[in-house]
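In what comes next, chain A is part of two complexes: it sits with chain B in the first one and with chain C in the second one.
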Partner chain A sequence: MNTFIKSVKEENQIIIIETNGYLNNEGGEAISAICYEKIKVGHHKFLINMAGTKVVNSIGVSILIEIIEKLQEVDGRIGYYNLAPIVVKTFNIMGLTKYSTVFTTEEEAVGTL
Partner chain B sequence: MSKQFNINELQLKYLELETLLDITNELNSFENVSILLQEILVKSCAVLNASSGLILMQNNNSDLFQIEAEFNINVEALKGTIFNKKIGFFNEVNQNHKPIYVQIVDDPFLARTNCTHGLIAPLLDKKNLLGVIVLFDKESRFGISTFDESDANMLFAIASQSGVAYNNIKLIENIKEAKTFNDNIMQSIVTGVFTTNLMGEINHVNRAAAAIINLEREMVIGNHYEYVFESNEIINQLISKCEVELETVSETQIQIDCNGKSTSVNISVSPLLNDLNEPIGSVVALEDLSNLNKLKSTFKKYVSKQIVDQLLENEDLLNLGGQEQEATILFSDIRGFTSMSETMTPKEVVETLNEYFNLMIEIIFKYNGTLDKIIGDALMVIYGAPNSTGKDTENAVLTAIEMQEKLIEFNQLRIIHSKPPITIGIGINSGKVISGNIGSRQQMNFTVIGDSVNLASRLCSVAASNEIIVSDVVWKQVKANKLLKGKKLTPVKVKGKIKPIEIKEILYHRPPFDYEQAFLKIENFLITHLPINYTYHTIDHIRDVVEQSEKIAIKENMSLAEIKDIKLAAWLHDVGYIWSPMRHEARGAEYATAILTALNLPKAKINTITGMIMATNIPQSPKNLYEQIICDADLDYLGREDYEKNSNNLLQEIQLNKKITDLEWLTIQNKFLMAHHYFTQYSQKSRKEKKHVRLKLIQKQIKAIKNGTS
Partner chain C sequence: MKKPTVELKLPILPNMELIATQTAEVIARHMNLTEEQSGEISMALIEACINAFEHSKTDANVFIHFLIEEDSLVMKVIDQGVGFDKTKVEIPKIENKIGKDERKRGWGLQLIQELMDSVEFESNSGGTTVTMKKNIKQ
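Then we have the complex of A and B:
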């Protein structure tokens, strides 16, 4: 597993991925690899705990958009929580928040998603 | 990928602008350069899609860069890499102050990062290169790509903003550092410093100042100086004067009283000016003199004030080593102290020596002598070394004279208090000596050595009690002073010299005997020392004898001078009772001899006085008119109206040791009166008859008791 992925767990049929570090091309691909694998086995809901990720670039965001597109094909959803304000701002500018949800806590995310 | 989800150029530009705006907004909020650089790097990497980055800043002391911030890069790979601003890509950036895109593979050092492309932008402070920001490997969804002009412009914009922010933070850090540095200096210096602002409020106090003024800093800061120094008008006046005149004002050795603590300080107040030379307050410096005074005070026990001041001003004087120079050396020695001390307790010996040394050393320092050493009861004093006053030999002689004169006064008190007098001999010589600090670094003594020193010591041995013996060399140097009188003595042979040494005795004034002073001193001594349980031999009896002796002496046509001697004997005739009634006349005569000698009464007169004292021994046996007068005065009351009163007092005193019956007492009186007779014409004429009446009365009383009719 890439060091960017800190942990992966399942809760209420939701796959929760905890990240750590720069969400760039490499980090994005590490997330997408897990998501695509889980989609194949029937999982459609994903949450990303970004407490350890304080920096994202547009390539990382692009990969997240690719994942959203893939999930739309299976009526799946993705959300994020524990985001740094700068990450929230980047997600907003890049339009990501129009197609996925930013949550404050894991409980809120698990309960809503 | 659907079109609606595509990230378009506009969004990316928006992100870039937002990032730049964030950086601009945040730049001034960073207080720490490291955090600033890290934040700039991270945001630059993010906005420009760089996979990693470094910020290298120039070392203050060289052309080399060092890594100050890193992002997403293996810095271990760069360990030991030298980044020189005058070499390679960095030189290009340094020269042009423009960003460049580079192929990392072209740089042997950056190639260690395993990156392929780089964008390097200068961090500038105006025209100076502060450092560089290096971004590696621009990411895309299709792999690593090269940075383009747009990226370069963006990074250059960020770097330009960052340069300014970096400089601001550096300036603030420098100011803080300078303030801390100044604060540390202020806190560590021993001089107390405080400052006031234009309002007169104290806005800075260092630790030393707080200690000197004996107040917590918190109690001083923000308060007006007039309030803080309410009880120290001098400080307020100085600050006020400085505020008005805008000039430094100072006072030395002033005593300030702060919060119940009195301290001696030097104070200096200077105007505090800004860059435009405008006053912004005052700075007050307080130099605590208490330690210095303590040091001086301790030091002054050994050397004179002048020497202390010289040593404090010039520490070189404390170096080990010696120099040949002219000096005068005085030796003094107590005569017969060893035998005298044998009769004293160790405590009395120490007390006597301390009293004596205190007196002598005070005189030595008065004449700028340096107390070289105390050897038992002897003193060695140096004049002219380490520094000369220009009249060192004269000072030495004047010291010796004053020592001898002071000793007369000292001995008068000692004898009066029944203590043995101290007499000294003094020897003085002058000549070349080797002077310097001799000993080790830990303990050194300033001293002088040489032949001249030895001769001074020999002359001291030659000097008898009360004598000051000087070498001919000394006499030649001081004889111009007409107040000094020298008496030529037979040259003496001293140890170590082949030829006899020419010597002089310095004569000094010995005050004539002062009768009135002597009367007072003896009277005080009697009052304080006569046993309090005595009822007859009291100060009243002695005063009566003095009065009667004067009266009889006048009637017997004695001269005024003779009357004084008689009165002196009267004051002393019962002094022996202080020690014991047994043989009190002999003890009194002994005491009288000692005190009158010390008081400089001629020996013949002393003999007259002691003769009078001894003549009062019962049965009285006067050999001359002096003695007849004192004898008659002593028993004058036998023929007076107040006989009864005196008789009762005597009985009471006798009964302290032995119970006597009335008959016994009457019998004693009868026997005594029968045996007694007055010697002088005056007493025979004025007292004989009444004494006879008294005798008859006593005899009648005895008879009545014996007959049982009393």
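Then we have the complex of A and C:
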């Protein structure tokens, strides 16, 4: 497993991916590989726990836009929690928060998505 | 008195932008900037460096200058590439990217402009200098 992906688990039919480190193109592709693999077997809900990701770049975040697009095709959803303030700001500027949700805690995310 | 300046020379190699952000964090602490300001500076630097690495179309090093001023931090990202015409860069909108064939990337300049207090671009066939300023909130 890519070192950027710390863990993958399932809870309430939601796939929860915990990341660790810089969300760049490689990090984004590591997330998308898991999402696309899980979509193929019928999963439609995804959460990204970004507690270990304090730094992102727009290329990595653009890959999340590709995942959102893919999920629209299957009526799926994606959300994020434990985001650093600058990551929330970046998601807002790029418009991700119009098509996906930022949660504060895992409990809120799992209960709401 | 001469203003304190920190200068970096970065080769175009994967993730070299993180050297710039680590330096920026040290400078931000020295200047007592807020966590929010420090994060914004780092993010803008990452995007400016990536633009320089990806679009300069040269192997020449990228230079970063941090100018520590009394009421602001000025950062210059200087490449020696082919230059670009900012008027031809479209403002990205996610609505135009989702569900369409348009590439999902192309957010760098928008992020830099949103995160910094002022941004200037000087570009010609000999290279591009992006000058970004963050004012210090008193």
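Observations, loosely collected:
Keep this in mind: the second predicted complex is superposed on the first by the 113 of 113 C-alpha atoms of A that agree within 3 Å, B and C clash if a C-alpha of one lies under 4 Å from a C-alpha of the other, contacts with A are read in each partner's own complex, and residues count from 1 in each chain.
Keep in mind that, in the parts below, a contact is a pair of C-beta atoms (placed from the backbone, for glycine too) under 8 Å apart; a residue touches a chain by one contact, two chains touch by 3 or more.
Just so it is clear, the structure is predicted and the values come from calculations on it, not from any experiment.
In the superposition on chain A, contact of A:Ile39 is made with neither chain B nor chain C. Touch criterion met: A:Tyr99 reaches chain B and chain C at once.
Contacts of A:Val55 after superposition: both chain B and chain C are touched.
Of the two partner chains, both chain B and chain C are touched by A:Ile68. Once the two complexes are overlaid on the shared chain, A:Gly21 sits against chain B while remaining clear of chain C.
Contact with chain C, but none with chain B, is seen for A:Ala84 once the two complexes are overlaid on the shared chain. Applying the stated contact rule after C-alpha superposition, one finds that A:Val110 touches neither chain B nor chain C.
According to the touch criterion, the shared surface of chain A, contacted by chain B in one complex and chain C in the other, consists of residues 22, 24, 55-59, 61-63, 65-66, 68-69, 86, 89-90, 93-95, 99. Listed in rising order, the residues of chain C touching chain A in the complex are 15, 17-18, 21, 35-36, 39-40, 42-43, 46-47, 50, 92-95, 97-99, 104-105, 107-108, 110-111, 114-115. Only residues 22, 24, 55-59, 61-63, 65-66, 68-69, 72, 84-86, 89-90, 93-96, 98-99 of chain A touch chain C when the two sit together in their complex. By the touch rule above, chain B contacts chain A in their complex via residues 1-2, 5, 7, 11-12, 14-15, 18, 22, 42-43, 45-51, 71-72, 139-141.
Residues of chain A that touch chain B in their complex: 21-22, 24-26, 54-59, 61-63, 65-66, 68-69, 86, 89-90, 93-95, 99.
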